[in-house]
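Pasting in a structure now, in structure tokens, and then I'll have a few things to ask.
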Amino acid sequence: MNKIENKNIGAYIWVVPDAYLPPIGDEKLPGHEATCILNLNDKPANVEFTFYFEDREPLKSAKVKIGAQRTLHLRLDQSEALLNVNLERSIPFSIKVESDVKIIVQHSRMDTRQPNLAYMSTIGYPVKE
Amino acid sequence: MNKIENKNIGAYIWVVPDAYLPPIGDEKLPGHEATCILNLNDKPANVEFTFYFEDREPLKSAKVKIGAQRTLHLRLDQSEALLNVNLERSIPFSIKVESDVKIIVQHSRMDTRQPNLAYMSTIGYPVKE
Amino acid sequence: MNKIENKNIGAYIWVVPDAYLPPIGDEKLPGHEATCILNLNDKPANVEFTFYFEDREPLKSAKVKIGAQRTLHLRLDQSEALLNVNLERSIPFSIKVESDVKIIVQHSRMDTRQPNLAYMSTIGYPVKE
Amino acid sequence: MNKIENKNIGAYIWVVPDAYLPPIGDEKLPGHEATCILNLNDKPANVEFTFYFEDREPLKSAKVKIGAQRTLHLRLDQSEALLNVNLERSIPFSIKVESDVKIIVQHSRMDTRQPNLAYMSTIGYPVKE
């Protein structure tokens, strides 16, 4: 309905300060976080995560490809398989997401410890060019 | 109290990366998501959704009209009736909302699986012209 | 530590699309929403709400004064006493907040129906001048 | 993948209007809020909090240092030890965070009163220069 092209929607870099994998809680519905990434472009997005900690050096992930016009809800409790980074539970961290094309990022947590589930979610902080 | 006109408030395009219809949970209070849209204009907003998935082509909805100076909290668990798109539960997706006038969008989830309800919500990502 | 003056922080107009007063739930901890407003100025903020509905005309509130360098967490389940507007429970609505000085707005819901409490919260949508 | 330098990511001042330390709830998982701050710079961030209340003067915290390329999830229920400010539970307040370098801020609450935990979270409001 208007002329902004899909390839110009979003940002190349996004930041999520509050990341934390809660204890596993309910094994049938394990606590986790998911970084949800939408790629509106007509070509794949090559995406890299950097994880920041309170008391040690940042870790860079392997690259993840997200297809054209596709979303990915990346489960951080599966970071070893998906990102080649071992993220422990119960450790506070932060996330920087970088892409070679513009993307849009939202980050959410599910916690099932008590055991009724709790959620939190926020659009990431987009870095302006 | 100041001079920004209502018709200039908001954006034509909004994005929500983290969308997901949870299992139905409590039948008296079924889990759902709602895309909440405010139209501050003096004329109706004609709004269209595009849904993006992890492994298939995007789907475009039928158009929805939101009256002048009205809000709509559109229940996505009723997408077949309201949007002419069949959205399955337990499938990750993302949302792009487009309008012919400026609108303001917030997206929220209620999950009643365990069965105590959990919420998450965020203002959508507004696309700057 | 830097030179942005407090009076230039925030916006005159804020929008919250997803507002809803849930059923009362637990009477000792009744479900509610709160619009949380920070006034960083050296003078009071005169603030007015407009409430938008799905099927009737918007309602304007009485004005609320927020002192210099003060916050107000305004409980919408007390809107009749605080804002001279009767907001019913279980009705979807949206909110526009206007002020004669710049303010910062966040809006949150507590739901205690099931009866374990659920929260949602988001920074409002700030309207750029 | 692109040329925005880490030192230019974020803002010097952030605001969180809805802050509240809930009653302690579950002693093994006490209710709390955390202000989560990421410092992407190659040097430490010196950070100061100002707390705003409904009916008394603002309080300034001691300064907190966050290392280069480090995150801090600062627990506000430990504000006396960490910030030299006594924040009571069950009192509404707001937060301004100021830093001598750019940072990114997200603020989250965990409430365990009922006693199943509830979360809320939002990226703070970044103050543009």
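Labels for the chains are A, B, C and D, by order of writing; each one numbers its residues from 1.
Rule of thumb we're sticking to: contacts are C-beta pairs under 8 Å (C-beta built on N, C-alpha and C of every residue); 3 or more make two chains touch, one makes a residue touch a chain.
In this text, all values refer to a predicted model and were calculated from it rather than measured experimentally.
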item	value
Interface composition of copies subunit A and subunit D: same or different, split at half	different
Fitting subunit B to subunit C on CA atoms, where both chains share a sequence, rotation angle to nearest 5 degrees	90
Subunit C-subunit D separation of Cα centroids, rounded to whole Å	21
Between subunit A and subunit C, centroid-to-centroid distance (C-alpha), Å	30
Subunit A, residues touching no fewer than two other chains	115-116, 118-123
Touching residues (chain side subunit B, partner subunit C) in the complex	1-2, 4, 9-10, 26, 29, 34, 36-38, 40, 69-73, 104-108, 110, 112, 115-123, 126
Subunit D residues within the subunit C interface of the complex	12-13, 15-18, 20, 46, 48, 52-55, 57-58, 92-94, 96, 98-100, 109, 111, 113-116, 118-125, 127, 129
